[in-house]
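Scrolling down, you'll hit the structures one after another.
In the two complexes below, chain A is the common chain; its partner is chain B in one and chain C in the other.
Moving on to the complex of A and B:
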C-alpha cells in the first residue's frame, strides 16, 4: 500500500503549559477511510489541523506523498488536503453558492470558462446544482455541508478531513452527508477519508480507528478490535456503538453464537 | 415558570417580499415542572419558538406569555421589564462555545452575574460554584477560554448561564460535539439542576437523549406542533416522517415486530435481552 501521510514523532503545544499532542507516529495509506476518536480535549482536532498543515508542529516531521513538509512547501498539502468543519457557517465567504465554490478555484487561477465548467460538474455530483444561485445563509445544515464538500471536491483533493462535520446536522442532513461520503469513495477509491468524530456508530463503519487520549495514540486498529476493549474505551470517556453493545449482551445470554454487526442480518438471525 | 403560546404566528421579514412563515398557529402550555424537549428537523422553528419566550423576538400575531409577562406584536419592550424576565432565564445558545470573549474563564463566567446583579459583589463566588458544578477545577479559573478544547469551552458557556441562578434554562443543542461521557455528564448535571427546581427546555436532535431525560416532548414540523406528550409514547411510533431518528432500542423493537416478534416492556438492552429469552 502507498502511504500518503506520515507523522513522525510529532508534538504540538498551544501554550507552554502542556502538550496538546505528544510524540505522534502515524502512517495513513492512500485510499483509507479512517476515523479518529477520543474524548473532548484529547487532541483530535489538533491532529487534523496538523495533517492539513494548518498548524506547524513543535517538533517532529510530517510527510505527504513521501515528501517532507517544511515552511516552503506547505502548498503541496494545502492543494491536496480539504477540510470540512463542524459549523458550516464558519466556512462561507461567497455571496452565492457558486461564488463560494469558485473561491478556491480563483485562488488557483483557473480560467473563468473552465471554472464554470468545474462548478457545474461537481455541483451536479453532490446534488446542489439547483442551489448555485442561492445565498449560503438560506440553506439547511446538510445543504451547507454539501456546498463545503463541493468546494473541496472541485479542487480534486487526495485527502478530505471531516472535522465533526456531522455533529450539528439533523438525521436527514447526517444521512445525506454519510451517503455523499460513500459516493465520493465509490467514484474514487484512491481518495483518503479522515473522519474526526464522536459518533461511534459512524466510526464503526470505517476501515480503521485511531483512538487518542491526552494527546497520545492509545489504539490503532480495525473497528471490531477497537470496540472489543470496552473497559478501556469507557475509561477514556468513550462508549460502544449500540450494535456492539447489543451483540455483547446477546452473546452473553447465548441468544447468538457469534457477533453480527449488520443490523438487518442480526434481526434476521434473532427471528430464526 | 408557566409558558403559554396562544394563536402564535411568526414570520421573518414580515413586511418584505422575503417574508418567511416559521410558526403557524401554535397553542401550547408548557408544564412548569418538566424537562421539555422541543424537537424537529433543521428549519422547523425550534429556536424561533424558544427565542420568543424571553423577548429576543416578538410574535407576528398571537401571544407568548412567560411567567405572566405578555409578549405580542404591539408590546413595547421596556428595558426594565425585559431585564427582569431575562434574569430568570438562562439561555444556552447553539455554538455557545464560540461566544466566549473574556481573557480568563472566571471573567467570562462572571459576565452574566455582574450584568444582571451589578450590586452583588458575590459574583466571583457564584461563578466559581458554577464552574465546579460543570466539572472544571480551580486550575481553569485564570486560563484563557481560547486555550481550551471544544468540550471545555462548552462547559464554560454552561457555567455562564447557571451562575446567575435562573429559574428556567433554555438549552439549544447542549450536547452537540461532546463525547459520550461528556454528553452523559452534562445531561446528568442538567438533571441534577432540574431536581433543585429549575425548569428546563431542551432543543436537540438526539432522540436517545430525549428518551432518557425529557418528561414531555413537542414535535415541530412545518411550523406547527405535530405531536406532544411523553417521549416513551411518541418515540415508539414512527417518527421518521418528522425527520427524527428513532432511538436505537425502538428501532430494534420495531424491526423485530415487523418479523412477527412482538416484545413489551422493553426500554433498554438488558430488558430487550430478557424479553427475547422469554420469547424463546
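Moving on to the complex of A and C:
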C-alpha cells in the first residue's frame, strides 16, 4: 500500500503551558478508512487540523504523498485534502447551496462553464440537486453537511477528513451522512477517509482506529482489536460500541458461539 | 422580522427582479436625483412630485411592492416630520407670502405646510424607490452590483474583491446570527433573565446577558469560518474565478435609456427655472 500522509514526531501547543499533541508518529495509507477517537480535549481535532495543514506544528514534519509540507507548498494539501467540520452553519460560505459548492472551485480558478457542469454532476451524486438555489437557513443540519461534502467532492480530493461531522446532527441526518460516506468509498476505493469522532459506533466500521489520549497515540489497531481491551477504553473515558456490547452479552448468554459484527447477519443468526 | 421591511428582499420573479442589479442601482440613483429636483412654484413642484410618484407607483405595481409597506416605514419618521413642521412654522421658507393666521407679531404661513408636505412626498418617493431596489434585488446581487461599480478603485489598490467577499459573507451570516440571538435569548430567559419587564437598568442588564454570549459565539463562528475558508483553498491575494456573473441584456439597456430620459427630462425642466404650467396654461393660473 502507498502511504499518503505521514506525520513524523509532530508536536503542537496552543499556548506555552501544555502540549496539545506530543510526538505523534502516524502513517496513513491511500484508500484507508481510519477513525481517530478520544475523549474531549484528547487532541483529536487538533490532529485533524494538523493533517489538513490548517495548523502549523511546533515541531516535527508532515509528508503528503512523500513530499514534505512547509509554508510554501500547503497548496498541495489544500488541493487534495478536504475537510468537513462539526458545525454545519459555520462552514457554509455561499449565500445559496450552488454558491457554496462553487466556492472551492472559484478558489481553484475553474472557468465558469465547467463550474456549473461540476456543480450539477456532484449535486446529483449526493442528492442535493433540487436544493441548489436554497439558502442555508432553510436547510436541515444533515442537508448542510451534505452540501459541505459535495463542495469537497467537487474538488476531487484524495483525502476527506470528517472532523466530528456527525456530532451536531439528529439521528436521521447522521444515518444519511454515514450512508453517503459509505457510497463515496464504494464509488472510489482510492479515496482516504479520516473520521475524527467520539461516536464509537461510527468508528467501529472503519478499517483502523487510532486512540488518542492526552495528546498521545495510545492505541493504533483494527476495530475488533481495539475494542477487545474494554478496561483500557473505559479508563480513557470511552465506551464500547453498541454492536460489541451486544455481542459480548450474547456470547455470555451462550446465544451465539462467535462474535458477529454485522447487524443483518447477527439478526439472521439469532432468528434461526 | 416584519419590522424590517425596508431592505428586505422579496423572492418573486417579476420583470424587475430579472433585471441586472447594476442597472437597478443606477436607476435608483437617477430617480432619487429626479425626486429631489427643485421647481420655481409650489403648484408646479407638487405637479412634478405627483408625476414622479406616478412613475414610482407604476414601478411598484410591476415589482409587486405594496404601498402599505412604504407607509409602515413612515411610522419611523413621523416624529422627524413633526419637528420639521414646527421648524417650518417658526422659520417659514424664504419668500412666504400667504398668511393664514396672525397673532401679534407671529404670522402663520401656508408655505410652512407646503414645505412640510413637499418633504414628506419626497421621503415617501425615496422610500418607494429604495424599496423597489431592495425588494427585487437579493443582497448577493446588490453586493455584486456595487462590487462592479467599485472595481475601478482596484487601480488605487483598494481591495475590491476582499471587500465584496467580506460583505457577502456578512450577509450570509445575518440569519445565522439572528438564529443564535434567539437561541441565547431563550436560554437566558429560561435561567430567569427578564428581558421584557422592569426598569431601564434591569433591561440593560438583560441586554448584557444577551450580548456577551452572542459575542463569544460570534468569535467561535468566525474562528470556524476562517478554518473553513482556508481548508477550501481561499487566498485573498490570489485571483479567483466567479460562479455568479452579471448579465447585461438588451432589456437592461432599454430600461436604463428610458429612466435616463425621464430623469434628464426632469433635470432639464428644473434647470430651465421655468414654471411650465404658467407658461402653457396662463389663463388658469
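The criterion applied here is as follows: the second predicted complex is superposed on the first by the 270 of 272 C-alpha atoms of A that agree within 3 Å, B and C clash if a C-alpha of one lies under 4 Å from a C-alpha of the other, contacts with A are read in each partner's own complex, and residues count from 1 in each chain.
Note that in this section a residue touches a chain if its C-beta (ideal position, glycine included) is under 8 Å from a C-beta of that chain, and two chains touch if they have at least 3 such contacts.
Just so you know, these numbers come straight off a predicted model, no measurement behind them.
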| item | value |
| --- | --- |
| When chain B and chain C are modelled together on chain A, clash or fit | clash |
| Partner chain(s) touched by A:60 [first = chain B, second = chain C, both, neither] | neither |
| Partner chain(s) touched by A:137 [first = chain B, second = chain C, both, neither] | second |
| Contacts of A:246 with chain B and chain C, given as first, second, both or neither | first |
| A:31 touches, of chain B and chain C: first, second, both or neither? | neither |
| First, second, both or neither for A:87, with chain B first and chain C second | both |
| First (chain B), second (chain C), both or neither touched by A:127 | neither |
| Partner chain(s) touched by A:109 [first = chain B, second = chain C, both, neither] | second |
| Listed stretches 21-29, 75-83 or 147-155 of chain B, narrowed to the one that overlaps chain C | 75-83 |
| Chain B/chain C common contact set on chain A | 87 |
| Residue numbers on chain A that touch chain B, as the complex places them | 14-15, 38-41, 45, 86-87, 140-142, 164, 167-173, 198, 200, 234, 237-239, 242, 245-246, 249-250, 253, 255, 263-264, 267-268, 270-271 |
| Sites on chain A touched by chain C in the complex | 49, 52, 54, 75, 78-79, 81-83, 85, 87, 89-96, 98-99, 102-112, 115-116, 119, 135-137, 151-152, 155 |
| In the complex, chain B residues that touch chain A | 41-43, 94-95, 98, 147-152, 154, 173, 176-182, 205, 240, 243-245, 248-249, 251-252, 255-256, 259-261, 269-270, 272-273, 276-277 |
| Residue numbers on chain C that touch chain A, as the complex places them | 138-140, 168-169, 171-172, 175-176, 179, 220-221, 224-225, 227-235, 238-245 |
